[in-house]
Amino acid sequence: MSMHYFANPTHFTRLAGRIQQWAGGLAAGLLIAGLYLALVVAPADYQQGETVRIMFVHVPSAWMALFCYSFLAVASAVALIWKHPLADMAAKASAPIGAGFTFLALVTGSLWGKPMWGTWWVWDARLTSVLILFFLYLGYMALWQAIEDSQKAAKAAAVLALVGAVNVPIIKFSVDWWNTLHQPASVLRMDGPAIHPSMLWPLLVMALAFKAYFVTLLLARMRMELNLRRIRALRLADRTS
Amino acid sequence: MKPLISIIARDLRLAVRQGGATLLALVFFVLTVTLFPLGVGPEPAILARIAPGVLWVAALLAAMLSLDRLFQSDFEDGSLEQLVLSGLPVGGVVLAKIIAHWMTTGFPLLLAAPFLAVLLNMNGEGFTALMLTMLIGTPALSLIGAIGAALTLTVRRGGVLLSLLVLPLYIPVLIFGVSAIDAAVHGLNAKPHLLLLAALTVACLPLCPWAAAAAVKLSLD
Amino acid sequence: MFQGQGIACDRGERRIFSDLDFSIAPGGAMVLRGPNGSGKTSLLRIAATLLGAADGRLLWNGSEILADIEKHRTRLHFVGHQDAVKGALSVWENVAVWADIRGAGDRCVDAALAAFEISHLADTPAQYLSAGQHRRVALARLVASPAALWLLDEPTVSLDAEGTACLRRVIADHRAARGIVMAATHIDLGLDDVELLHLKLP
Amino acid sequence: MKPLISIIARDLRLAVRQGGATLLALVFFVLTVTLFPLGVGPEPAILARIAPGVLWVAALLAAMLSLDRLFQSDFEDGSLEQLVLSGLPVGGVVLAKIIAHWMTTGFPLLLAAPFLAVLLNMNGEGFTALMLTMLIGTPALSLIGAIGAALTLTVRRGGVLLSLLVLPLYIPVLIFGVSAIDAAVHGLNAKPHLLLLAALTVACLPLCPWAAAAAVKLSLD
Amino acid sequence: MFQGQGIACDRGERRIFSDLDFSIAPGGAMVLRGPNGSGKTSLLRIAATLLGAADGRLLWNGSEILADIEKHRTRLHFVGHQDAVKGALSVWENVAVWADIRGAGDRCVDAALAAFEISHLADTPAQYLSAGQHRRVALARLVASPAALWLLDEPTVSLDAEGTACLRRVIADHRAARGIVMAATHIDLGLDDVELLHLKLP
């Protein structure tokens, strides 16, 4: 890889460092505020009791799970079409974060499911498609890890991300359909009670906090990746000189 | 056209010579299905209830397992780079190999499915639907699988990684396939499900060879 | 006329060589020499369009090769470390399959086997061959379908003296028909009138 | 002893380096289990009914799929002949490789099983039995599988042939495993079934490495 | 003293050679020559006890080798066409693993890498190596753990001139320490004082 390859990324590192600090501060502030609102200010639900507070983690992380995959797909498309090296790194960096949020949504969902539905898990359409989304993330990450040459891995992973992106709506659609055939809609209703403002606000604050946290982590991981690549290039270079 | 037919003929001949590969995908399918009565118990009602699901899951797994034959051995002995260097469009080469793969895996599954359905006590209404879903759905398995097979080429012993990449992509085929059979078994109209499945296969036909070709080129770099 | 101008090659994020120029006229042969790891295989794979060059241009009779990759591929033969020989097929079938796929039919297969003195093995399944016999089958592809440019990566590996002589004869015929050869070897191939290209360790 | 530990250490290191192979056998297990609710439908009662069978069939398939890692790649790159030429008893070498294989496949399955049991609505009584059968039964899967893996070494793309050889041999493990869990779920005594399973594993311990060693030597001929 | 008496070999139900005698004294070297398919690889695999001889006896200092196969295996090194090099491990690890399994520990690994001039690649994963570098890693095993008998099947394949010189030096040291070498090659290895064994086509 020639040096001009890194010329642009060097600028990026400096800029990203600054943004990362701001985003990190914002995430911390919003998270504290959101948690305060969610745990102290928001009232317990008259039906669900205190367990309703899980929602303030569950819903934002579910949103982020979906958002991260869209981000991943767009970054992969940019990487394939315009061959921008930063897009590769953005895609690679966002996958574990997205998988983490997906996992969080699954865990909080089941924790909530136990008191609400009396079971940790049901094969509801929405739950099932989130689970499959989690597998798509894992496959993407495993492919990155399995191919040593990072440029090859980047392209292969981008192809997979795009194929997966086409598939996500199909899965969603097929699962919805499959579920209604067997499962009476009475068992679970995800839309639940209309949300009261006293709950909406903490939810939105938490959602913003998660998003800022995503930006922070993304930039940190991209900078780390960039440094790793640089170190490796240097090591390879002076090994043979 | 003619060189592509040569490629299909070559792959078929290799499949026949190499220990009857055709037979073996089939055997895996049959064996997996027969494990179920052993694991779940012999009650006819339960077996009939789960039959469409078990048949399709076994078909998915059999198709997936045979994917490593699609490109891997050609990659390892240098034939794949010779195919790419033959000057034919890489997408065309890939499609030819997918067709040969379907003829040696998907097609035998199709033939075996009704016998296994009898084993699992599936009722008569389900039969036609089963055959139709297999006929329409198995080509999609070979098409989608080709992407995973091509992506894992440079990965040593990529078998299990392949399953992680491919099985989630197979899920729509599974769901549409099973729901068509279920509808037919319960005397409902299976046509909408079959149409969806057909739409899926038709959509795969141009997209998958193209994506797989990109992955194949990558592996030779 | 096969030319490379300012070719550079990256492997594993490291520059292996750069600013490499070469030019081979019809009937010409170029032999790549250089220590292990100097990039001979990489250069041949670039010439075969299997590997992308990091920089530079490849020209065929003056026109850009990357503009029509498939065209270029039909006019070349590449014989690398991997033989592309199937153990389950007989020697004859192994050679015929490739001639067929490249659109040449199987007219020249017998001549190709004769050129490498393996006609007596025609019906033997390739899995029973020794290392050198295996190699001859791979090389027989060169004769079984015509191509203007031959790219050979250590073609004499495992060949005995007679096998090497066969290869020398076949190359001479190819060059007499204005074909071009580019080969990497560590030992002397014994070709007349070759140009040497020395690669250095990066 | 020490060289055998070196072999185990080498195999574990390779498993970790090569794309987290450990993780991946696990993932196949999880994925196959998830396919079943998708195929069979989400009704909790049915799922609970078939859960032990589905879990054990998926474990069988996951173990079987990972068998090609056991000898195949070492065979292809010449490491297997070097291992045989190391002068250690071939049976010992094989046993060391089987132990490494179990640590990277059977053991992770054991850890994942309870979570999947939750997904399939298995009741609490079944849990302990499930864990115990997995603990006792998965080593038998690696041991028996080694024979099939060694026998199919010289067969190109032997994957499906492997399944044909190995799955029938796995059936006793499946049956004893499932009946122990079923007994526990229904509040009966699982102990006799567990003892049978244990007897099976203990019987495999000397026999399988010996048979696999014979097959390995044959493949190098 | 390594001896074969009346050795015969069958491959694929066909007799490749029979009644072959050889005898190599400590410090001696024997080079197998012969055209492709004459049975050099087969003979080396018989000497390594990987392949069973159809007839004849193998002796080590006069005692039957097949009586204690494992003993014989500990005293030999076999380097064949396949490198037994793992792409996922570094060059150092690749050599150390075998020394370790053979009970020699990793004391001599650095010396082995130095002997084949690949010390600078010690930390490189083997999948990034060129064909010749790969070969050197396989050959480094010879030095990393001691063994009295070296069986080498076309050891110079892919090696450049320097690589071949390294091999020559290493073989000379081995013979100076009363080691025995049996090698098959098509090109001249440049060893002093070797005995040639010519095999003919069956």
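So that you can tell them apart, the chains are marked A, B, C, D and E in the order they are listed, and the count of residues begins at 1 in each.
The rule is short, and it goes like this: a residue touches a chain if its C-beta (ideal position, glycine included) is under 8 Å from a C-beta of that chain, and two chains touch if they have at least 3 such contacts.
What you see is a predicted model, and the numbers here were worked out from it, not measured in a lab.
*Asks:* List every chain that touches both chain B and chain C.
*Replies:* Looking at chain C and chain B together, the chains touching each of them are A.
*Asks:* Tell me which chain's centre, taken as the mean of its C-alpha atoms, is farthest from chain C.
*Replies:* That would be chain A.
*Asks:* What is the chain whose Cα centroid lies farthest from the Cα centroid of chain E?
*Replies:* Here the answer is chain A, farthest from chain E.
*Asks:* If you tally the C-beta contacts, which comes out ahead, A-B or A-D?
*Replies:* A-B
*Asks:* Just give me the whole-number Å value for how far the CA centre of chain A lies from that of chain E.
*Replies:* The separation of the two C-alpha centroids amounts to 54 Å.
*Asks:* Where the centres are mean C-alpha positions, what is the separation of chain C from chain D, in Å?
*Replies:* Inter-chain centre distance comes to 45 Å.
*Asks:* If you average the CA atoms of chain D and of chain E, how many Å lie between those two points?
*Replies:* 37
*Asks:* Starting from the mean Cα coordinates of chain A and chain C, work out the distance between those two points in Å.
*Replies:* Taking the mean C-alpha position of each chain, the two centres sit 48 Å apart.
*Asks:* If you look at chain A, which of its residues touch at least two other chains?
*Replies:* 132, 135, 138, 142, 146, 149, 175, 178, 181, 240, in rising order.
*Asks:* Please output the residue numbers of chain B that touch at least 2 other chains, ranges allowed.
*Replies:* Touching at least two other chains: 18, 155-156, 158, 161, 164, 167-168, 171, 175, 178, 182, 221.
*Asks:* For chain E, jot down the residues that touch at least 2 other chains.
*Replies:* 81, 87-88
*Asks:* In their complex, what parts of chain E are in touch with chain C?
*Replies:* Going through chain E, the ones touching chain C are 11-12, 34-39, 41, 81, 128-133, 135-136, 154, 157-163, 186-187.
*Asks:* Using the touch rule from the top, collect the residues of chain A that touch chain D in their complex.
*Replies:* Per the stated touch rule, the residues are 119-124, 128, 131-132, 135, 138, 142, 145-146, 175, 178-179, 181-183.
*Asks:* Give the list of chain A residues in touch with chain C in this complex.
*Replies:* Answer in residue numbers: 1-2, 149-151, 229, 232-233, 236-237, 240.
*Asks:* Of all residues in chain B, which touch chain A in the complex?
*Replies:* Listed in rising order, the residues of chain B that touch chain A are 147, 151-152, 154-155, 158, 161, 164-165, 167-169, 171-172, 175-176, 178-179, 182-183, 196, 200, 207, 211, 214-215, 218-219, 221.
*Asks:* So in the complex, which bits of chain D are touching chain B?
*Replies:* Interface residues on the chain D side: 18-19, 21, 24-25, 27-28, 31-32, 35-36, 38-41, 46, 49-50, 52-54, 56-57, 60-61, 65-66, 68-69, 72-73, 155-161, 163-164, 167-168, 171, 174-175, 178, 182.
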